[in-house]
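Lettered A, B and C in written order, each chain numbered from 1.
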Amino acid sequence: MAGSERFNGDVILDVNNISLAFGGVKALQNISFDVRAGEVRAIIGPNGAGKSSMLNVINGFYHPQDGEITYKGKTRKQMRSHEAAAQGIARTFQNIALFKGMTTLDNIMTGRNLKMRVNLFLQALHIGPARREEMEHRAFVEGVIDFLEIQAIRKTTVGRLPYGLQKRVELGRALAAEPDLLLLDEPMAGMNTEEKEDMCRFILDVNDEFGTTIVLIEHDMSVVMDISDRVVVLDYGRKIADGSPDEVRANKQVIDAYLGVAHD
Amino acid sequence: MLYREAGQFKTSYAADQAIFPIVQDRWFVFALLLFAFLVVPFIADEYWLQAVIIPFLVFSMAAIGLNLLTGYAGQLSLGTGAFMAVGAYATYKLITAFPDLNVIVAFLIAGVIAAGVGFVFGVPSLRIKGFYLAVATLAAQFFLSWIFNKVPWFYNYSPSGTITMPPRTIFGVMVTGPEATAEVRYLVALTLVAVLALAAKNIVRGRIGRSWMAIRDMDIAAEIIGFRPMHTKLAAFAVSSFYCGVAGAMMLALWLGSAETEAFDINVSFQVLFMVIIGGLGSILGSFLGAAFITLVPVFLTNAPQLFGIAMATDTQKHLEVMIFGGLIVYILIVEPHGFARLWQIAKEKLRIWPFPH
Amino acid sequence: MELLNAVFIAPFVDMWEFPAFFVEVVITGLLTGVMYSLVALGFVLIFKASGVFNFAQGAMVLFAALTLVGLIEKGVPIWLALILTMVVMIALAFAVERLMLRPLVNQDHIILFMATIGLTFFLEGFGETLWGSNVKRLDIGIPNASFEIHGVLLHQFDLFAAATGAVLVAGLAIFFHKTPVGRALRAVADDHQAAMSVGISLKTIWIIVWSVAGIVAMVAGIMWGAKSGVQFSLSLIALKALPVLILGGFTSVPGAIVGGLIIGVGEKVAEIYWGPLVGGAIENWFAYMLALAFLLFRPQGLFGERIIERV
């Protein structure tokens, strides 16, 4: 995917007036923002602001009551999550959704699933096209493993890995899908400084080398300020700020939200 | 010292992903197969073949089928007996309707028919999980049993309701029917099991196997990755039922010779489920180990009293068997919930560093 | 045309023209249903309190009945035999908690489920080793005269069974809602961790619950056994209780009752009015198919809670 520049300016994702409610609880109210191809967009806000819900709407896990999403030029009210995956959206989860019974290698290979086509019968015989396809994808996955420096734990069952490594494997699985849009839900949660630096480095590398657009939810302000191009701030399901990190940092409403000034 | 991998470098991904990456394993399995094909027919007697070895092969096939569905794809099924019945009755109808049809081909077609039935009964799995799904498969078990009993077309209007496998040959050798020798039937069963087990192993280490395991481990996340739950689950039901169908066909044609619906009732479903749990969920090897265990235990329990010189009424013996069986299951689940396959793995780990303790 | 008539018209005409018979069929069904409910109750109790799907409930019914009959045959007076059987079931609860539940405390639900299947086999084998496997008559003095009301034939025994069921359920309801132990049980059913953090001992609760389930099993065993003899097929009733649970929801006591009644009536009516069309024995699978249909449209049953999953 060489040749993509940062900030080529096109909007790859446009969120329009999205409203989402669970029973009586309004998770999101009238949220609109856009994401440009190749940028790193952060979504921040106090706990319960609706950030994860926003990601879930983008990748089709939650279906909003109102509003629409325009992705790669196509507008739709909602899509099923596997359709989103087929459209080039990949993500990681706040609580790690790895397949705990499988090895690191197998987990990342699942990320290649959508690219694998060979049918059941040939797979059973494991000859010719099935073998070649498997090896091809294995080679790609090894590239991802190299990139994330997790060679040593390839064959370890993921359930046994420490938290920080699990998060890295999860990133690997998302990368294996060669996504155009990568959604990261608190990728640094629970990590120490070193691990955070590593993760930042990986995220920036992905964005630089492959031009992947990244939307990430993050609580660590220094990370957000360092690596994002633009920031959206949510509070109680509403958007309260949208702009560059510096603009957002100086915004009074944002400061109030974080410091807990009473709302009417 | 014996089981070292030192010096075995894999220089290609293909080598790394081979079924038996360690050379000693490969030799062991090769030797085992040679032994099974060339030596066993000559040294095993009729009783052992008919009462132990052939049923072991039949149930291994069924256990592989169930393991694919419950162990790899995580869909609990209590309908194994019914799918085996489909295979058996389909084989019977095919063979009696097309006398020139090759027996093995009949088995495979019967398997495909069973796969179709499995596909249909797998549809509820799209909406329900876990124990609820088990109830749905029970519906399949009871309903199919009833149909095979009530609709005379299935047993060619025979007054006894029993289906009997007519004699058939392959390359001139009698394979089914009263004339077929136990050795020949054994070899046919062995071939089928070896080939289909290899196919199963290939399937589970590829894309489809991974999609099953993903659905099993975290189906919501799996969907978000792009796996389509419907396709994955239905594929699991279909492939699993194929194996169970072939197992049922083997049961009729190569083991029992004739059968009624009782031969495929709920008890068989439970038996195969035990094999899979005790052998190890999510392991092809486990299917074999579980089948071996469950086939051998009753034989052992039946013959043990004589060995120890104790006389026991067959009634009491049967009850004791059931009791010991149940107790063993609870015990094994406590000691190693992942079954014999895990114990085997641990043994191999220890063997690799033998004679050092760790 | 003939077929359509037979399936969709004739049975209803039958019901209309012979209402007394129809009422009889329904009542028989209801009474069978009460007995299913009794068995399902045991399931619900254990599932609610420990999350374990106790497949061995049916075997417990059989075991309790076998023990009771065995004792009576040995000459023990009925009232003493009843007490002794209860003691046995409580001892069983202790044993199960110590030997099976505790070692398996953190395992997957499917492992626990499998263990209860193992327990089923064990109890069946054990009971039959101890007491033999011939069909036994269970006579505890319940009158079985029959009488007619408005042309509908009723049996005293069935009414007695229904009354017993009602009393048992009422007793359980009071137990759950009015006593401290009952409250603790409901707490545990709701949230193990939270219950433990307020000092409720899981182990005690489990023993209590399995004992109560054991006694419920005994009552069910008495009812079934007195009606159709104590024999191995009693444990197959456990399988029938599954569709009851599907209909009623796994965690609901009223659900178990309503579910049992629906299955009981549904089965009977289907067998009598539609059975002859297809050679009978519809009862073998009707309950499961009904449950299956329910599952497709309302997976949580009539009274169960919706299952919500979060990522």
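Methods note: a contact is a pair of C-beta atoms (placed from the backbone, for glycine too) under 8 Å apart; a residue touches a chain by one contact, two chains touch by 3 or more.
Everything numeric here is computed off the predicted structure, so don't read it as measured data.
Here the chain at the heart of the structure, going by C-alpha means, is B. Ranked by distance of CA centroids from chain B, the top chain is A. Note on chain placement: the centre of chain B and the centre of chain C lie 33 Å apart, centres being C-alpha means. With centres taken as mean Cα positions, chain C sits 49 Å from chain A. Rounded to a whole number, the gap between the C-alpha centres of chain A and chain B is 42 angstrom.
Residue positions of chain C with contacts to 2 or more other chains are 311.
Residue positions of chain B with contacts to 2 or more other chains are 220-221, 224. Residue positions of chain A touching 2 or more other chains, listed in rising order: 61, 93, 97.
Those residues of chain B whose C-beta lies close enough to touch chain A in the complex are 12-14, 17, 199-200, 202-203, 206-208, 210-211, 213-214, 216-218, 220-228, 235, 239, 282. Interface of chain B with chain C (complex): residues 76, 124, 127-128, 130-132, 134-136, 138-139, 142-143, 145-146, 149-150, 220-221, 224, 266, 270, 273-274, 277, 315-316, 319-330, 333-334, 337.
In the complex of the two chains, the chain C residues touching chain B come out as 53, 99-100, 103-104, 107-111, 113-115, 117-126, 128-129, 132-133, 239, 242-243, 246, 250, 278-279, 281-282, 284-285, 288-289, 291-292, 295-296, 299, 309, 311. In the complex of the two chains, the chain A residues touching chain B come out as 59-61, 80-82, 84-86, 90-91, 93, 97-102, 106, 109-111, 113-114, 116, 118, 120, 123-126, 130-131, 134-135, 138-139, 142, 173, 177.
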